[in-house]
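The next part holds the structures, each set out as C-alpha cells.
Look for chain A in each of the two complexes below; its partner is chain B in the first and chain C in the second.
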Partner chain A sequence: MSLAPSERAPATGAATTTATGTPAGRGTHRHPGSARRGRRRLLTPESVPYLLIMPAVLGFAIFKAYPIAASFWISLTTGNGDDRQFSGLANYRRLLDDPLFWTALKNTALILVVQVPLMLGLALLVALALNSTKVWLRPLWRLGVFVPSLTGLVAAGVMFSVILNRDAGLLNWVLSLFGVDRVNWLGSPVWARVGVVLVITWHYTGYNAVMYLAGLQGVPKELYEAAMVDGAGPVRRFFSITLPQLRPILLLTVVLSTIGTLQLFDEPYVLTGGGPDNATLTVTMYLYNNGFKYFDFGYASALAYALALIVSLLGILQVRLMGERR
Partner chain B sequence: MSHHLSRRHLLQLATASAAGLGLTACGGSGSGGSGGGGGADGDSGKITVWSWTTAAEALRGVVPSFERDNPGITVDVQDLGNPAIWDKITVGLASGGKGLADVLHIGVDYLPGYMEKFPQGLADLSELGADQHKDAFVEGLWPTVIGKDKAVHALPWEVNPLGLFYRHDYFEKADVDPASLTSWDDLIAAGPKIRAATGAQLLGLDKPGTVQDMDFFQNLMQLQGAFYFDAEGRVTLASDEAVQALTVIKRLNDAGLLADTAGQGTWKRLVGQGKLATAPYPAWAIEYLSDKFPAQSGKWRVMQPPAAVPGGGRSAIVNSTFLSVSATSKRRKAAWRFIEYALTKPAEINRMFASGGVFPALKAAYTDPKFSAPDPFYGGQKVLKSFVDSLTAGAGATNFTGDYSRALKLASDAQSQVLIKGADPAEALKAAAKQLAQQTGRQQAA
Partner chain C sequence: MKLRGTLLTVLLAGAFGLCVGPFYWLAMAATQDNRDVFSWPPKLLPGGHLMENLQGLQESIGLTRVLLNTLLVAGLQTVGAVVVSVLAGYAFAKFDFRGRNLFFVLLLSTLVIPDTVMLIPIFQMMMDLGLIDSYESVILPGLVTPFGIFLMRQALRSMPDELLDAARVDGAGELRVLWRIVIPVNRPIIAALALFVFLGGWNQFVWPLIALRSPEMYTLPVATATLQGLATTNYAQVLLAGAIAAVPVMALFLVLQRQFISGLLAGATKE
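Now for the complex of A and B:
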C-alpha cells in the first residue's frame, strides 16, 4: 500500500523514538506548540489499527471485563442490593454443601457424556453422506441438515414441548402407529432427560455436520488415491486418512460442544423447567434461579465462577488429550 | 510495531472515549418515562406503567378519565407480558432502579422479595399519604405492603379468594350433592362415583412440576391458616398442615382422581374435553372459564372450597397483586396520583374489573350491583357474591417473605417426588424444609 508523503513523514520520525517510547529529541523536529501537527501524528499508518480496534477493546472492557470482575467481587459477598458485606469464600463453601448444585452438575455431566458423542458421531455420518458424490441434490440436503441450527433455542424448546406432549404430542402419535404405548416424555425423570437430549441433538447436529463437511472437503484427494492404489478399503481409508485429517475440526467441535452443553439453559428451561424433580436441572438454570428468582446474586456469581472453572479445566484437558497427538 | 501512538496517547484516547460513552449513557438514563416533569417528585409529565396482558388492558381503561381529571399528567401503560415482567423489574431493581417504569404492577409472590432484597427500590408511599387507605382493602393484604422500614410500598389492586368450580351436570349425573362436600375427604370419597358416571377425573395437576404450579398445595395449607413461613418468617414447610396438604394430594393421586396437566395447554384441553369435574381456582377463573369454554355455559357452578381437614376453615386468599412506584422515578407524585386514582375509586376499580377480570381488593367496590347479579354461565348463580362472602368471612395474612420463590421450588420438588416416585409426604417435606432453612439462613419452626 502506498502512502501519501504527509502520512509517510511521521513514520520516518519513528527512528528518533527510544525503545521506551519516549519521544527523544522530538522537540527539535516539530514546531513547538503545534497542536495541528500533534493531531496528525495520532493518525499514522501504525496507529490506525489501534484506533480501529479501540471500540472493540472498550466494548470488551466495559461490557465483559468489568462485569466479569464485578461478578467475582459479588461472589465474595452476601447481602441485598447495594448493601453487600464481604463474606470471603462463604458462597463457595455453601456450594459444596448444596445438594441441588451437585444434582445440576450431575445432570449436566450426564447430558455431556451421552449427548455430545452421540451428536458428533451422527454429525460425522451426516457429513460423510453429504460429502458423497453419489447423493442426489446435495445442496438441498445440506440446507435441510443445517436449518434446525437456525431455529431460536426457545422456539425449539416450545416446539418440542408440543411434540413431546404425552397425550397430544406428535411423537407419541407416531409411536402409537407402531403399537408403542404413550411415553411420558416430560413427566418422568428418565424420559425428560431423553427429551432434552433429543432437542439438543436435533438442534446442533447439522451445525457440526457442516463443520465436518468443510473439513472433509479440505482432505487432499491424492491421499485417498494413494491409499486405493495400495489396496486400502473404505473402512481403512476412513480410519487412516479421514479421521486423522479431521482431528483439528474434531477437537474444535468437541470443545465447543462441551462448553455449549455445560452452559445448557434454554431448551430444558422451556421444555421441563428443570423437572421433574430436578432431573433436567442444569448448572446455568440453577444459576439463573438463584440470581433472578431468589435474588441471591452472591451465590449465583459463585455458581458462575464454579462453572467457568469447570469449563476451563475440561477445555484444557480436551486440548491436551486430543490436540497434542499430532 | 509503531511507536507513534505512545501509551500516553492511547490512554488519553481511551479516557476520552470512555468519557464520551459515559456521557452517552447518562444522556439515556432516567426512568422509563420521558417528557417533562422536572424534580425528583415530579407532579406532572408522562408516567409509564408496567403490567401484563388483561391487567394492562384494564389499566388502560382508567387512563382517559385520569388524564382528564389530572391535566399535565399523561400515562403510558405497557404490557410486558408475564413472566417477562419479573426479569425486567428484577434487573432494573438490581441495577439501582435504572430503566424502571414509574409504576410497577407486582404480584404477591414477588413483592416481599423486592422489598426485602432491594429495600431502596420501591418508593415510600407513606410519605405520599398511602396510610390513609389502610382499612379500605380486604383483610390480610395490608401486612404485605409494609416494608421492614414500616412504610407502605404498594397499594393492593387484585385479590383472589379461593372457590371450588365444579361441573354441576356431572355432579347431578353422579348423584353427588355439592352441599354434602365440606372437606377434601368428602371429595375423595365422591370422586370415584363421579368418574364412574362421567369418565372425568376430579382435578388436574402438573405432576412433574414443569411450571411449579403449587397453588393447590398452597391453598390446602392456606385453608388451615398455614404457609411455607409463619408470621415471624420461620420455615414451616414440614409442619403438620403442610404434611396434611400433601397427603390430600397423594390420596387424590392414589385414587386415580388426579389428571396430569403438565405441558403447554394441557389443563385447558382437558377442561375443554370435559375430562375434569372440578377446578379449585380463585376468582379470576370466573371470567376465564366463561371466556375460554363458552360451549360449557350453564354447566359450571361455584362452591366454597372444601376444608383441608374435616371441620377446618373454608376460605383462603390465594394470591393478590399490587401497584408500586419505583423509588428512582422522577415523577413519584404523579405516579402515586395515578395509583391512588386507579385503586381507591370504586368506579375506576370496577371499570377495570369489567374490562380485565381483575377481582378488586377494594372493599367499597363490592357495593356495585354486579357483585350480586346472577351469572348465566354459572346457571344464574350469583358467583361474585359467593367470592365476596368468602372474603368477608376473613382469611389470614400469608407471609410470602423474600424467599418465597425458593420455597416454591422446593415444595414443587417435594410434590413431584410424592406424585412421580411415590415418596412419603412427611419425609419429602422434611427434606425440603431442611434445605430451605439451610439455603435461606432461616430458622425452622418447632
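Now for the complex of A and C:
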C-alpha cells in the first residue's frame, strides 16, 4: 500500500502505510469501514511528525498547560470547592503576612543551602574515587552507592524513622560505639532538620555520583596527557580540566537538586510530619496541608505559584551564574 | 601509587557501607517481632517472624491487592510513557516541521515548574470526571514525561540519517522505520527509560495519596504511609512493607544495570 504519487514528497522520504501500521488508534479515530482511506490521507510525509508528537502534545495540554493556567486562576479566588469568588491578590497578600509560610520557606531554604552543597561535594568525591583505575572492585561500589536512589521515599522514610529513633535506633547505637551520647533525632527542632538532611543526602548522593562519573568518563584523556606533559599536578589538573569539563553536568545537578529540594515533601511528611514545632515544615508540605487537609484550594494555589516563582528565579540565576558558555 | 588505590578503595567501601548498611538492617528488622525492632543493641541477625509479619500485612493493608495495584499502575504508566516519549522523541530528533522548536521548548519548560502547581487543578479535573479513586486517575498524569521525551530526542539525534533514509528508499513507511530500525537500534536507552519510568511509578507517593480514597485501591507507598500513621503501629510490619517495596526495584536494577547506567550516561553527556 503506497501513497498516491502525487502525495509523495521525495525530498523528505516517502511515507507508506503498511497493513499493520497506524499510530495504533491512539488519537486517531478508526472506523472499520473507512479505515484504509482515512489512513491513507492521514499519513503524508508532512503529517507524520505531527502525528508522532500528538500524544505528547495532548497529554501536555491536559496535564501540564491547563493545570498551570487553572492553578493561577484558582489562586486568585477564595471559597470552597466549586463555589469560588474572584478575590484578586488576596491570597498572595495573606501569604506575605502568614508567619507559617515564612517558617516553611525558611526551613526549605535552610535545607537547600546546607544539603545541596554537602551532597554534591560528596558525590563528586565518590565519582572521582570511582573513576580511578587503581581502585579494586569498582563495579561493586558503583552499584552500592547507586542503590539508595532506587528506593521510594516512603520506604526510605519508614526505614529512617526507626533508624533515627532516639532510644533504640541503629544510628544512635552505632554512635554509642564511638562514645557519643544518644541524639534526639526527629525529636528536637535542630536535630530533626539534621536528620532530614542526612536522609536526603543518603538518598541522592549516589545518583549524583553516577552522573558525575558519566561526565568524568567523557573527558578526553588527551587533555590530561597534555597537562601532565606540561607538568601540571593532580590539583591543577582537577581545577583546570576536570571541573570545567564537568560544568554542564554540574549545572544540571545543581538545578535538579535545587528544584527537588524546594519541592521537598515526602521525607519530612513520613519522618517528622513537619514537626517538631514546625521545624521541618516545608513549603510543599504547607501547600499540601492547605489544599488537601483544609481544602483551601485558593490559598494552596497561591503557595504553589509562589513556589514556582522561587524555583524558576533560582533556576535562571543558576544557569546565568554557571552556564555562561552555553 | 598502590597506597592511593588502597585508600580510595577503603573510602569507597565506607560509602558502600553507609549506602547499603541501612538496607541490611531493614531486611533484618522485617523478620523481627515488633518489640525486637526497638531492642538495644539492635538485632542484626534474622529473627523468625517473617511469615507472621507477612500475614499481618495481608490483614492490615491487603498486601496482595496493594502489590497488584502498584504493579498495574507502574506497568501501564511505563508502557504509556515509553510509547509517548519514543514517538515524540523521534519526531523532535529526526523531522523538520513547523513549530518544532516551540513545542519542544514548551514541553521542556514544564520541567522547572514544580509538580505541586498542577496538583489542585488535576485533582479538580479528576473529581469532575468522576475518576477520583480509580486506576486511571493515578496513571494518566504520569504518561507525559518531559524528561523521557528529552532523553529519547537526545538519543535518537545521534542516529545516522543514512540508516533511516536507506530504509525509506527501500520503501519502508515511517512506522516501519520506527519499529524495525529506530527501536531495535536504541533498545538499551529505551530499556533505561522504561526502568526510570517504572521506578517513578512504583515509588510515586503524593499524587496517589491525594487521588486514592479506599484502602483496596492504595498503592504500596500510600498503604505503607497510612500504616505508619496508626497509634498502635506495628513497626516490624511497616518495615517489611518498606523492604517489599525495595526488593523488586533492586532486582530489576540488577538485571538491567548495564542499560540503566548507559541510559544515564547518554542523558548526561550527549549534547
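One rule holds in what follows: the second predicted complex is superposed on the first by the 283 of 326 C-alpha atoms of A that agree within 3 Å, B and C clash if a C-alpha of one lies under 4 Å from a C-alpha of the other, contacts with A are read in each partner's own complex, and residues count from 1 in each chain.
Here is the rule we use: a residue touches a chain if its C-beta (ideal position, glycine included) is under 8 Å from a C-beta of that chain, and two chains touch if they have at least 3 such contacts.
This is a predicted model, so every value here is computed, not measured.
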| item | value |
| --- | --- |
| Partner contacting more residues of chain A (chain B vs chain C) | C |
| Contacts of A:Asp167 with chain B and chain C, given as first, second, both or neither | both |
| Partner chain in contact with A:Gly315 - chain B first, chain C second, else both or neither | second |
| Which superposed partner A:Thr151 touches (first chain B, second chain C, both, neither) | second |
| Which of chain B and chain C A:Tyr305 touches, first, second, both or neither | second |
| First, second, both or neither for A:Phe297, with chain B first and chain C second | both |
| Touched partner set for A:Asp277, first chain B, second chain C, both or neither | first |
| Which of chain B and chain C A:Pro268 touches, first, second, both or neither | neither |
| Touched partner set for A:Gly195, first chain B, second chain C, both or neither | neither |
| Which of chain B and chain C A:Asp97 touches, first, second, both or neither | first |
| Chain B and chain C footprints on chain A, overlapping residues | 13-14, 17, 21, 23, 45-46, 50, 55, 62, 158, 161-162, 165, 167-169, 292, 297 |
| Chain A-touching residues of chain C, taken from the complex the two chains share | 1-2, 4-5, 8-9, 11-13, 15-16, 18-20, 22-23, 25-26, 29, 37-42, 83-85, 87-88, 90-92, 95, 97, 100, 103, 106-107, 110, 112-125, 140-141, 143-144, 149, 164-165, 168-169, 171-176, 179, 199, 202-203, 205-206, 210, 220-222, 224-225, 228, 235, 238-239, 241-243, 245-246, 249-250, 253-254, 257, 261, 264-265, 268-269, 271 |
| Chain A to chain B touching residues, read off their complex | 10-11, 13-14, 17, 21, 23, 41-42, 44-47, 50-51, 54-55, 58, 62, 80-83, 97-100, 158, 161-162, 165-169, 184, 186-189, 192, 272-273, 275-278, 289, 292-295, 297 |
| Contacting residues of chain B [partner chain A, same complex] | 1-7, 9-10, 13-14, 17-18, 21, 86-87, 90-91, 93-94, 96, 113, 116-121, 207-212, 260, 262-264, 266, 269, 402-403, 405-406, 409, 412-413, 416-417, 420-421, 435, 438-439 |
| In the complex with chain C, residue positions of chain A that touch it | 2, 13-18, 21-23, 26, 43, 45-46, 48-50, 52-53, 55-57, 59-60, 62-68, 70-71, 74, 125-126, 129-130, 132, 134-138, 140-148, 150-163, 165, 167-170, 173, 202, 205-206, 210-211, 214-215, 217-218, 248-249, 252, 255, 259, 262-263, 265-266, 269-270, 284, 287-288, 291-292, 297, 300-301, 304-305, 307-308, 311-312, 315 |
